[in-house]
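Each chain gets a letter, A, B, C and D, in the order it is written, and its residues are counted from 1.
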């Protein structure tokens, strides 16, 4: 036994050696965010190894996509990251539009940004609230959901659905905004701004929250890149990549003329003139606290983007434009496009063969790569750190299993 | 709480009297649980029976008027030592170790010897006449204060009863010795239970040291997308 | 009351004693069970208010006040499951061990001057000791459930509670030192009079140590942010993962019972026990504030006073629970060993020095100090045994200190 | 039997309880192969002794109101409890150490001298 200990650095020895235990965390567990199953090898309270088992939510979405027309597949993208279905719709629509070399109207472009960023806020609110739950505090979750409900109300007005919207489709939107919606959206933003300060008080700067997240699950920038982490997880490690700025031109063209800065922690300091809490002393770049904080920053960033898009959208004259036909034929060839979704870079791949039904459909999930780094982060941590690490990665099983 | 009804009334409750009743209850629980400690093979059940036994003993102490000792028994023994023991059981619990069986032959021999020992002790207990005289019943006066004062060196009871000019010195010295002893034990136990401690390698350190000791972690396809993706 | 029955109703002694004992037991049981019902309802309502929602609204009328009763009936009707690999005896017995410990501690808890199950000379010590037994039920439950999550919960509970008994004990010793007695009734009586007589306001050290006590009490009854044994986001439900129905509810009654108990203890030790901030009865000339011949109405008022204070303590616990995240096990231990224990020890020493140099408090004579109490005890025994006064003063060293300090 | 049941409790009754606990403890120490079981036996033995101390020290049990030991009995009992706690801590540490080295708590297998 002791020889093994000497050879393998990864096995941790501590004061009193006890029996190793294999523990199943999930698939039914309060803090695995859906049907994720984590197999923990624990030595007392210390986790020596952790292995995620996935696939409990597999629904053959990609294969189904090869039997439907491109527009018919939109509802299936809703069910991938069901917390940010608008962004999923957008990703798939843009990919197919890239294949078709189709460009939506100016008005639709601003509306897409408006809706997608609104949904990003909703998604981050869930991530934030559920992270509080993971750490054992219940109230921020409900505060987050209270605000999210308001966003869902807005989205419901737009498309009639609260979770699986299928609103953004290939070639535009299913409908234009109802009258008075923009005012209601602005009213929401105005009352939402001070609420963020509450979240900072309850979570971001809360002493216990900081103790639980600072210097826990530190993801170095190199490792983040090696494992293909994207989105807030990557930016939490201090890497300045955001596809809205650095992506393919068909995607970044959407954001042309928008002023925004990528929410990334550089030198432990976020360079904007908003009021933010200071970074706690214990926090290291790349730890759970930073990943969480990047999401909080992105909420503010999205609010800015929404305000800008509301301006531009209301300045746009002319019609929104009709979406493409349900049976629009796809040209021969393929297209791959990654977009910046709330969870990270979501990629869609489509191969057309001249019919209206795509020959191949694939999705590249950001949460999948983000989850892959969890075993590394959890090695040698305490059991209580596992929810805090997995929660900070903010994975959605619908997207991983598809 | 008078004993005059003793023997006259046929009523069971009056016949027994509460003090006796509780004595019998506690003594019964203590003895039966002690026997169960011996008989059970499972360590955790042994611990449970031991708790019952020691808890009932604390009850006996209360009945004997030694309230402080009883509470001490509950706190230190039952609340502290036994929780520690069960903790130890859990730390070392492997299924085959929880129940280590004793050979039946050993049990028989031990039973005979135990019976002999018990007989001697019981005989001794009833051998002296003055021990058998019934007491006055229920404790009324507190003993905690004189106990505390005895521990800091003042023997109130001795003063009271013998009117001594120089009292016995009390228990200040033993008290000190015990405290030092406890400290030594604390240090000793901490030292004994300590394995050779090794710094827990965090994942970050592992990656940092990965270049020299381990093959570098495989670069996934998606990471090239991130690192070398379109700008 | 037993004397009352014997004398006026003419019942035999044993019967009246038994009747009173049963009555007391039923009363205490009702305090726990009824208290648990009320507290669970209150917890729901408070949680709802904190979280910006309504909580139960339908059952039993407007405020859903029958909700916990309805839940109790539901729990009674629920199937009592036991996992296959469980140790049947231990699994069955564990909730009752917890509950009994919580219940037994109420025996020595005074609600007013002499409204107490059994007045014990070592009351404080007894309550703390018995409360420590509750952990045993939790450990047994965790072990017997044959579930790894339960086992984790049990281990955490064992480590946590045993550690927190140290600072808790130190905090409890401070009021004992001030009152010169471990008798809860005496401690309460020492704080009679104006609110400034409460031990929390005795000196700055006691003020600090009250908060240390409250923290440790929170930890020893396993409430958030120290609820590691049942940490639902980590251990599913910890030690009671496998429990259902009535047995599960016993754990909860035990939890709420001990929550109330530590709060009541805090009220007695630091917050003036059953004495209100203003000695109304004394001002009205109804009584001298001391037990013996106080009218029953006064006792009732005292009970109300104590219950109110204890309830406030419980409500604060709920408030904390719904506000703060949970600590990690190593942080819980750090809090105990690096913060609570040294602070408690320093405050203990501080109170001791304060007693020595400022024995009567800042305003001379506002307190009777512990040395005086001991003195009183000695004199009492002197009178009984009629010992020579001079001889005693020669041989009792503490007496000199007392005289100097006077 | 009538004496045991009906007589008012005296020192002897306590001594009998102590004797039973003591005997059980001794048997436990001798029989159990689990080191923790042996430890529990020791606790029982110490408790049996403690009962005797308290019984002899109690004024309420002695017939004439004068106990044999007086306050000394209770003080001794206190010291025994304290030392038992200390002993348990050390013994547990030894057991855990033994378990670390041998991966067992069977005392029969603790037969080599070097740790």
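Going forward, contacts are C-beta pairs under 8 Å (C-beta built on N, C-alpha and C of every residue); 3 or more make two chains touch, one makes a residue touch a chain.
This structure is a prediction, so every number in the text was calculated from the model and none was measured.
Student: Using the stated contact rule, I'd like to know whether B-C or A-C comes out ahead in C-beta pair count.
Tutor: B-C
Student: By Cα centroids, which chain is closest to the centre of the whole protein?
Tutor: Centre-most chain by C-alpha means: C.
Student: Using only Cα atoms to place each chain's centre, name the chain farthest from chain B.
Tutor: A
Student: Round to the nearest whole Å and give the separation of the Cα centres of chain B and chain C.
Tutor: 23
Student: Just how far, in Å, is the C-alpha centre of chain D from the one of chain C?
Tutor: 31
Student: Using the average of all C-alpha atoms in each chain as its centre, how far is it in Å between chain A and chain D?
Tutor: 63
Student: List the centre-to-centre spacing of chain A and chain C in whole Å, with centres computed as mean CA coordinates.
Tutor: So the centre of chain A lies 48 Å away from the centre of chain C.
Student: Which chain D residues reach two or more other chains?
Tutor: 96, 99-100
Student: Going by the contact rule already set, what residues in chain A reach two or more other chains?
Tutor: In chain A, the residues touching two or more other chains are 16-17, 44.
Student: Which positions in chain B are in touch with at least two other chains?
Tutor: Touching at least two other chains: 17, 68, 72, 80, 82, 84, 91-92, 143, 193, 195.
Student: List the residues on chain C that touch chain A in their complex, please.
Tutor: 47, 50-53, 148-149, 152, 155-156, 224-225, 227-228, 231-236, 322-331
Student: Show which residues of chain D lie in contact with chain B when the two form their complex.
Tutor: On the chain D side, the touching residues are 5-28, 30-34, 36-37, 39-41, 43-44, 47, 50-51, 54-55, 57-65, 70-71, 73-75, 77-79, 81-90, 92-97, 99-100, 104-106.
Student: Applying the document's contact rule, which stretches of chain C touch chain B when the two form their complex?
Tutor: The contact residues of chain C facing chain B are 12-15, 17-18, 87, 89-90, 93, 120-122, 125-126, 128-130, 132-133, 135-136, 139-140, 143-144, 151, 154-155, 158-159, 161-162, 165, 169, 181-183, 374, 377-378, 381-382, 384-385, 387-388, 391-392, 394-398.
Student: Within their complex, state which residues of chain A touch chain C.
Tutor: Chain A residues touching chain C: 21, 23, 29-31, 44-45, 132-139, 142-143, 146, 202-203, 206, 208-209, 211-212, 382-387.
Student: Touching chain C in the complex: which residues of chain B?
Tutor: 1-2, 5, 11, 13-14, 17-18, 42, 44-45, 48, 51, 55, 67-68, 70-72, 74-75, 78-80, 82-84, 86-87, 90, 142-145, 149, 153-154, 156, 159-161, 163-167
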